[in-house]
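What follows are several structures.
The two complexes that follow have chain A in common; it is paired with chain B in the first and with chain C in the second.
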Partner chain A sequence: MDSKPVVDGQRQAELQRAATPGVAAEHPLRIYREPLPAVFPAELRVPEVRLQTPAVGQRATRPDARLHGLGQTRYIDDMAFPGMLHARIKRAGVASARILRIDTREAEAMPGVMAVLTGRDIPVNSFGPSFQDQPVLADDRVFHAGDGVAAVAAVTEQLAADALEKIRVEYEPLPAVFDPLEALREDAHQVHAPANNVYARKVIRKGDVETALAASAHVFEQQYRTQMVEHVPIEPHAAIALWDANGRVTLYSSLGRITLGRADVARTLRLPVNRVRLVGTIVGGNFGGKNEITQEPVLALLSKKTGRPVKGVYTRNEEFTASTTRHPFIMDYKTGVDRDGRILARKVRLVLDGGAYCSWSETTLGKAAILSVGPYRIDHLLVEACVVYTNKTMTGAMRGFGAPQVCFAYESQMDEIAAALGIDPLEIRLRNVFVNGSSSPTGQVLDSVVVRESLLQAAERFGWKEGGA
Partner chain B sequence: MITIRFVVNGALQVLSVAPETTLLGALRNQLGLTGAKSGCEVGDCGACTVIVDGRSVNACLMLAVQADGCTVLTIEGLATREKLHPLQRAFEELAALQCGFCGPGAILSAKALLDVNPDPSRQEVRDGLAGNLCRCTGYTKMIDAVLHAAQELRAAPTSAATHGER
Partner chain C sequence: MKRRGRGLACMWYPIGFTVTANPSAATVKVNEDGTATLLTGTVETGQGALTVLGQIAAEALGVATDDVHVVSGDTDTMPMDTGAIASRTTYVTGNAVKLAAEKARDILFEVAAPLLGVRADQLEARDRKIQVRAFPQRQLSIGDVALQAQAVKGQPAIGSATWNPPTVPMDPETGQGKPFNTYVYATQIAEVDVDDETGEVDVLRVVAAHDCGTAINPMLVEGQVEGGISMGLGFALQEEILFDAAGRQVNPNLTNYIMPTSLDMPEIEVDIVANYDPTGPFGAKGVGEPTAVPTAAAILNAIHDAVGVRITALPATAEKILAAIKARRAAAGKTLTA
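This part shows the complex of A and B:
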């Protein structure tokens, strides 16, 4: 298959014209309006390929900043509807167990408590962007301590919280696994048995890594680890559900991906998607942590049961225990270099702690594996990456999707190699970085590569040489 | 229920509150002043910051009954849409507000600081904002904004006192 993009004659001419200095202003597809601000030097007035765009260096104010500063922005928790109830979710507090029974009678009898919901009430009790392995509310099994096991809608938040205390859940404790390396072992507790704990793998091969390592002047081996990180948006997850008389549900939610969320909500409620209206509002911080549904189906069903709007706002505790986090990585690097610090071969093994559910782990795994060798020209590669279930808070999307973790590893090792060989850390990178025409670990030929220029400019700006390496 | 009387943004308010009602709850749920946010409910994040008798407080940790007889300023009392406080203008123009959730609290902490220390050092501004967590900005722009507003307030204290037409 020919992978070259199809460019017709006219388009090609346009692209050529755009790439020619001095004529880009006439380009029919130009996005920069004249006149450009006076702060720009004349020679930069027309953006050319690989030059900074005029937007860089300009001061811009956000259109929504005025109302933010006035305290007039309406986040979910600032909204209220007549008759609105407040929901709270009871969390398991145990990492691995079978639910024997849930007694909600005492909670239901409390004055002010309007409805109680358990996992049995959810029409399709599973969701997830890759695998639907996460229950909306745990019904049969608990897979991590933050699993919801029941929910309450009451006239005040305080009453809802009090009612949670009256719900009695009987558990049969089950074995659990918390360490991702232990979870890899054959005899380990299988979190979602009969499924294997390893729920996604990615392998990248290029050249002959073993031969190249054997031929290397020096071989460096090191393990790097990163920890679990919570996004901690200052606004906790929040949503309001309104189930109307015609069986349609409107959800206001702090969710970032409303189209995906709408489909997930419809699936869990077993409703056609056109019965679900999902309204995304201004979000008080997302960072990847608000990329999939959480309590929305619960609120919708509580609204259906009560005929009233129902609001749910996570507590800070729930943010840490019941929302996604960044994957902890265990990263083994073995790198062979020649006497001048040129990397000849690199072998990487990544083990991602996926927590109790898949969430965005597959995406994270793929990106981490591709980026794990760094922005360096290496002919012989082997990357073996996997993500495993453990009985911990689930891990999912967070800024970079796995890129920051591997960057910590390969750049740490670059420094170690530089120190061992007595090469300046900047110099060893300049000797190895991608250039135009380099190919990525998965074979993509790279264009517009400016790593070298960026490094040199950065080093000059912050005085790398003067500071001394 | 307990009756409390306090001045909020210049107007006398008489409320009947449950003993466990926080000042934050009373402001948000009873007075509809939702500018102060609930971020952690344990006094860590500062999103609920308001000014009580001239001092910045975490409204989530103060009971409404403790505000009886006090004077309270919330973000809604600082300016109107057309008349910005120099702090609000500086926060807007120097990009100190991204998602904005922590903004009202940070602005009020800064105001409480500048009211007692009109010429703070950068370190003093950092200390003044230490109780306000922000996950978007990395704080540098907020600190710049507070220093900028302080300068403006010192240059024109009278116009700033009336918030100055933009």
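This part shows the complex of A and C:
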């Protein structure tokens, strides 16, 4: 075993000194060292548009735009507190396994490493917006390669990263399933046995789809698929935790939903909600990826263990592998139309790759199922949708909650129908779209409907009738 | 050879959570000089939500955008909010803000009414004044009324309110119900060049006509549309997380996961479709997520129009398109001339 010191003697002395309470304030905290540039003139000119009434409809500039433009916006990573430590989380790197042993001794012995945390240290080790099926750090099982298995707080981020290398985890590999259609099979590996891989279903039924399909002049059938993508915000998930002397924890976080984030943090830490304060800052991009807690309980517990503020900032790798992503969809569309291109019946089957945990899958499934029919008047329809566990990165909320996926399918098929019947793509949509008073797939009478106007306006601006610009 | 194509796609999208309660609360405090502070539990995630919420409060109080300072993002001091999700901020939080501002304004009306010799319900707040409806020359400045309310009447103008969109649960067997209180609609049209020798797609132009009800701030609506189209473009053509056989991501970095940059962006023309939804604050609905919804469909339809191939699995990479072009040529019995 490698027992060589990871740092030389002089650096070690420096780090030990930095790690000693009392001298922590001398720790190199960039923000206090750099003089602030003079960007706050006494007389600021307020843009005229912010001074006009009435306010609604004005192209008012944003107060935060000045900060962004001057580089003065303080994101989490621009913030520091005296004595602050840096946390990093060790990722499993294996997709499905039982954890036999975690040996943190060597990491804990490293100079500058102040605390190590594993799943056992989390008071309530589960969270999630629909089902609480996700551990904060893995307990005894790993369900996808991005699962956190241990966390370290150290005096520098580099030391914390080095310490992760010294944590030894022994795994017993378990079967895994990665393909959502395979995961649907009876004999498939059940990711969260005894629970079935199918963890949510949605059905929308209206009229008599089979009879209407049989009576249709033409029936179009096609499968469409979409891929897994990441939100890729410029600012990764970031948070700082610190406790006060009365046992209240404050978390500065890049979360987009602080009220619910506070409740989740309180639950995992088993604290009354009023002992948790969550401070949201200007978020550097969310797109749905910052809708639930991630590392906040880990940072809070590391801070509690060390008595020091603890900051965690996800690496770009973690943004991809350990935060939520967009659901890959497998979509089967069968649509019956009459000779004029009026849609008579539509049958949709959606299978969503839900990844290792539910996260916002239930919401995504529901929205996708409702929207999958498209903004079209269709009397006979059947939508059957389900989301399945796989041993992959969890999928969750992302701008559109399944709508971009189903729109790709229903609008691709609309063009196929138009081409087959020799109808202009604009014209076939105008013949089918909702109008005020139309009934939605769920039987809701719609008002405030302007899809027809949007089609005509876009076509006019584009020059559609003239054959393009 | 580069071949030009055009494709269109329309969509519908709901505002707020599916059936589930997703309330927002807000507090509006009118200061002694008629300026105001808005407290909200949502956070600014870059979309300009706080500016829009401030404009809604300003409109309800009859003051300018700059007169309302918006404070957000601290669970110790802010009223609860379901947060920046589901394109709900303008609509749901906005309704709560409007109601809170109206409560604060009603206190100003109560204080101003005897001074102007009318009933409170005969007053309106406009242009930083509290004035008699149809008799705008009978007016007091909002600052004078606010000071009077606080320092003389001992009744500072503060209002708090909550709002939650009404829904009806969906039947588990048939899905019938009213899962959302309102929806928005949009159409995007893409113009592309496809190189039929390489499969490479160049998105030249996207025309986007979006409904958001009343555009509280048209500039921020345009910003959302432009951002949404960039996400839609990446989804259509480039982005994909890939896994190895053991379930590990192989490209979790910005070198091998290819995102669109400013160089990939088409010319974008944004049209806001005129609409007014009586259930939204001053007729507003929302616009955040829908902007990313129809882009990929429009681009894929444009690719088909350009080179006659239909890619049914995203992303439509150059490799996939070229393979489809070759297959199409082979099927047509032609020899490949590339």
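As a convention for this text, the second predicted complex is superposed on the first by the 408 of 469 C-alpha atoms of A that agree within 3 Å, B and C clash if a C-alpha of one lies under 4 Å from a C-alpha of the other, contacts with A are read in each partner's own complex, and residues count from 1 in each chain.
Methods note: a contact is a pair of C-beta atoms (placed from the backbone, for glycine too) under 8 Å apart; a residue touches a chain by one contact, two chains touch by 3 or more.
In this text, all values refer to a predicted model and were calculated from it rather than measured experimentally.
Chemist: Does chain B (first) or chain C (second) touch A:232, or do both, or does neither?
Modeler: Both chain B and chain C are touched by A:232.
Chemist: Kindly classify A:66 by the partners it touches after superposition: chain B alone (first), chain C alone (second), both, or neither?
Modeler: Touch status of A:66: first partner only.
Chemist: For A:158, select first, second, both or neither according to whether it touches chain B, chain C, the two together, or no partner.
Modeler: First partner only.
Chemist: Touching A:316, do we find chain B (first), chain C (second), both, or neither?
Modeler: Once the two structures are laid over each other on A, A:316 reaches both partners.
Chemist: Counting residues of chain A in contact, which comes out ahead: chain B or chain C?
Modeler: Chain A has more residues touched by C than by the other partner.
Chemist: Which partner does A:408 reach: the first (chain B), the second (chain C), both, or neither?
Modeler: Only chain C is touched by A:408; chain B is not.
Chemist: Touching A:75, do we find chain B (first), chain C (second), both, or neither?
Modeler: In the superposed model, A:75 contacts chain B only, not chain C.
Chemist: Just to be sure I read the superposition right, which of the two partners does A:283 touch: chain B = first, chain C = second, or both, or neither?
Modeler: Touch status of A:283: both partners.
Chemist: Which partner does A:393 contact after superposing on A: first (chain B), second (chain C), both, neither?
Modeler: Second partner only.
Chemist: Could you pull out which residues of chain A sit against chain B in one structure and against chain C in the other?
Modeler: 59-62, 64, 232, 282-287, 316
Chemist: Which chain A residues qualify as touching chain C in the complex?
Modeler: For chain A paired with chain C, touching residues are 46, 49-64, 93-96, 144-146, 176, 178, 202-206, 222-230, 232, 255-260, 262, 276-288, 290-291, 316-317, 319-321, 325-326, 363, 366-367, 369-371, 374-375, 383, 391-393, 397, 399-401, 403-404, 407-408, 410-412, 415-416, 425-426, 429, 433-434, 440-444, 446, 448-451, 453-455, 457-459, 461-462, 464, 468-469.
Chemist: Can you list the chain B residues touching chain A in their complex?
Modeler: So the residues of chain B in touch with chain A come to 20, 28, 33-42, 44-45, 47, 74-76, 78-81, 84, 88, 91-93, 95, 97-104, 107, 133-136.
Chemist: State the interface residues of chain C toward chain A in the complex, per the touch definition above.
Modeler: Its residues touching chain A are 4, 6-14, 17-19, 41, 43-46, 48, 50-51, 54-56, 58-59, 62-66, 68, 70, 72-76, 78, 80-86, 126-128, 170, 172-180, 182-183, 185-189, 191, 205, 207-211, 213-220, 228, 231-232, 234-235, 239-241, 243, 246-249, 251-254, 257, 259, 269, 271, 273-277, 279, 282, 284-285, 288-290, 292-298, 300-301, 304, 310, 312-315.
Chemist: Can you list the chain A residues touching chain B in their complex?
Modeler: Residues of chain A touching chain B: 59-62, 64-75, 77-78, 158, 231-236, 282-287, 313, 315-316.
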